[in-house]
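Heads up, the next two complexes both have chain A, just with different partners, chain B and then chain C.
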Partner chain A sequence: MTFRKSHPLIKIVNSTLVDLPSPANLSVNWNYGSLLGLVLVIQLVSGIVLATRFSGHSDISFDSVISIYQDSNYGWLLRLVHSTGASFFFLFIYLHIGRGLYYGSYIYPEVWNIGVLIYLILMGTAFLGYVLPWGQMSYWAATVITNLLSAIPWLGSILVEWVWGGFAVGNPTLTRFFALHYLLPFVVTALVILHIFYLHLYGSSNPLGVSSNTNKVSFHYYYSVKDLYVYFVFFFIFMFFTLKYGYSFMDAENFIPANPLVTPTHIQPEWYFLFAYAILRSIPNKLGGVLGLVLAVMVLFLFSISSTQLLFSGTIYSPLARLTFWSLVSVFFLLTWLGSCPAESPYTEVALASTIAYFSLMV
Partner chain B sequence: MAHLKATLAFGRKLVETGVVKGSASQGLNKALFPLSKYLKYGLLTDDLMKENEIVREALRRLPGDVFHERQFRLTRAINLSSGKSVLPESEWTTAEQDVSYLKPFVEQVVNEQKERDDWNAGKLH
Partner chain C sequence: VILLTNQLKMGKGFGNLAYVRNQIWFTLSPYEQRPFAKAIKTGLPNTLRRITEEAPYVLPPLLLGYAIYSWTTSEAHRRSRKEYQAIHGGGH
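And then the complex of A and B:
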């Protein structure tokens, strides 16, 4: 037997990346998984190197970011790569989830549920990371989001103060957020390994949604070369965005040091959270808004539960299902835009209607 | 609300009296059948059934020629899909050709499973 099939460690790599039987008709929509893996590695490497220069104390964290820009070798590049990488991470995860919804990938419940868990932890990681520079938007985003916990009956206010480490967002909050932001990506990595493990138990789905057992090809060279090609295309687009539009995703308020006495006029998160932010603000009741925010993501778990009853999954079977899917995409874009609008009429009414449409289409 | 209830009751009556067969979404899907993408690959509706334990058992019970015709359709469809092409329009699946060859076997397996479960639960003794 060849070395790659007999060595106890190499054979794991072989069965994942070389001799893995894959459907012959995978389209570019199946590249997002490997792209996500690449962006995860980029974020881990850039983040760990940044962490060697960053200081997680509220008095000096903002200045340490300036120091990274001005005093560290290529610190400016690392910081821009890390912040742009977060946006690309979410872009690819939304495309990856969209692919799953369109082609019915939720029929593999373990793969799907672990994927949704990865998404949830990623949202947490991104939120924690955004607080670290300790700019105005960092501070007030932390205040808004941690205050959501106070909506929980009975335990709410105790929970909030426990998370804060004090009576308001402050240095203890920043310190623990830094620790968690460093830890969670490794949890994500472990979950990604599990995600791929379960995927390889069943085998990849394909654009037609039919069994591909009659027509498989080996992962190498077909999809290893295809993935490598898409990596080069991604690298070009990524570096173009990082170097030319690196600040376009950043909020101007975050270039001002955090000031607990001055509230920004428009507190808003990064683009990838705007849809959830719109849902949170559209419901007039505080607890209702928090539940809406949580359910907006947790509703994804429903797909794997309901899929056990389905004989047909995905949208290739039904034009009506395709219409529903694209309506959901439109509502998602609408909610994202509404999240960036001020919380006043007519945006609040449209946001409420869009929230109802979002949950109706999902269910 | 009263208007909505009246409309739903009228719809149910149409179904009960047989004027309209099936639900609105079934009717809509039937009307939109020619727009289904899988027809362009020469696939039948039953080819799209996801393979769980029940469907795999039903596939095992298919007559040999029916099974091989299914395998041919699937292979041809995947080959077309990997080349980003479809069949010529004259070879697309029509409503008359879309015969339900697998569903009867699936129903047979489901009924047998139900009977087995009822027997084990003591309902049939």
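And then the complex of A and C:
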């Protein structure tokens, strides 16, 4: 037997990236998984190097970010890569989930549920990371989101003070957020390995939504080269975006050091949380808003529970399902835009209608 | 690790996928074909066909979403006008 099939460690790599039977008809929508793996590695490497230069104390963290820019070798590039990488991570994960919804990938329940769990932990990681620079938006986003815990009946206020490590967001909060932000990506990595393991038990789905067991090719060279090609395209777009529009996703408020006495006029999260933020604000009741926020993501778990193994999976064989899918995409865009609008009329009414539409379409 | 790799191998490796009878392969040597044959002549009309087949499902929801965005923006602008605020009462 050849070395790559006999060596105890190399044969794992072989069965994942070389001799893996893959459907012959995978489209570009199947590239997002490997792209997510690439962006995860980029975030891990850039994040760990940034962590060697960052100080996690509220008195000096803002200044340590400035020092990363001015004193560290290529610190400015690392910081921009890390912040742009987070945006691309969410772009690809939304495209990946969209692919899953469109082509019915939720018929693999373990793969799907682990994927939703990865998404949830990723959202937590991104939120924690955003707090670290200790700018105005960092501080006030932390205040808004941690205060959501107080909506929990009976335990709420104790829970919030426990998370804060005090009576408000402060240095203990920043310290533990840094520790968690460092830890969670490794949890994500472990879950990704499980996600891929379960996927390879079933084999990848394909755009036709039928079994591809009669038409498989080996992953290498077909999809290793295809993935590599898309990596180059991604690299070009990513570096172009990072170097030319690196600040386009940053909130101007976050260039001001955190001030507990001054509230920004428009507190809003990064673009990838805006749809959930719009759902949160559209429900007038505090607990209702928090439940809406949580359910907006948890509703994804319902797909694997309700689906059965179909001969033809996905929306491509049902015109109504395809219309529903694209309506969901449209509502998602609307909610993202509404999350950035002030909480005034007519935005609030449209946000409420969009929230109802979102849950109706999902269900 | 050993159990993992055995499962991966035995579960869905080549040779364990499907039983197919009477496979007949027809193939053409790469030296006897043009690599980009009909790429524009057939490829472009086919691309347009694939786009137009998807368009009735993609465009209506997105256009409706844009219409809602457009209306909401102009309505917000109208409600911030002095005349509207004088009739309906200003303030948040």
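Following the convention adopted for this analysis, the second predicted complex is superposed on the first by the 359 of 363 C-alpha atoms of A that agree within 3 Å, B and C clash if a C-alpha of one lies under 4 Å from a C-alpha of the other, contacts with A are read in each partner's own complex, and residues count from 1 in each chain.
Note that in this section a residue touches a chain if its C-beta (ideal position, glycine included) is under 8 Å from a C-beta of that chain, and two chains touch if they have at least 3 such contacts.
What you are looking at is a predicted structure, and each value in this text was computed from that prediction instead of being measured.
Student: With the two complexes superposed on chain A, say which partner A:297 touches: chain B (first), chain C (second), both, or neither.
Tutor: The answer is neither, since A:297 touches no partner chain.
Student: Of the two partner chains, chain B (first) and chain C (second), which one does A:206 touch, if any: first, second, both, or neither?
Tutor: A:206 contacts chain B only, not chain C.
Student: Regarding the shared-chain residue A:24, is it in contact with chain B (first), chain C (second), both, or neither?
Tutor: first
Student: Kindly classify A:318 by the partners it touches after superposition: chain B alone (first), chain C alone (second), both, or neither?
Tutor: So A:318 only meets chain B here.
Student: Applying the touch criterion given at the start, work out whether A:197 contacts chain B, chain C, both or neither, answering first, second, both or neither.
Tutor: second
Student: Answer with first, second, both or neither: which of chain B and chain C does A:107 touch in the superposed model?
Tutor: Touch partner of A:107: chain B, not chain C.
Student: With both structures placed on chain A, which of the two partners, chain B or chain C, ends up touching more residues of chain A?
Tutor: Comparing touch counts on chain A for chain B and chain C gives C.
Student: Could you pull out which residues of chain A sit against chain B in one structure and against chain C in the other?
Tutor: Overlap of chain B and chain C footprints on chain A: residues 211, 214, 319.
Student: Which residues, counting only chain A, touch chain C once they are in their complex?
Tutor: Counting only chain A, the residues touching chain C are 8-9, 11-12, 15-16, 19, 21, 197, 200-203, 211, 213-214, 216, 218, 319, 322-323, 326-327, 329-331, 333-334, 337, 341, 344-347, 350.
Student: What part of chain C is in contact with chain A in the complex they form?
Tutor: 1-2, 4-5, 7-9, 11-14, 17-18, 20, 57-58, 60-62, 64-65, 68-69, 72, 75-76, 79, 92
Student: Would you pull the chain B residues touching chain A in the complex into a rising list?
Tutor: Its residues touching chain A are 25, 28-29, 32, 35-38, 41, 43, 45, 47-51, 55, 71, 74-75, 77-79, 81-82, 106.
Student: Mind listing the chain A positions that touch chain B in their complex?
Tutor: Residues 23-25, 104, 107, 206-212, 214-215, 310-313, 316-320 of chain A touch chain B in their complex.
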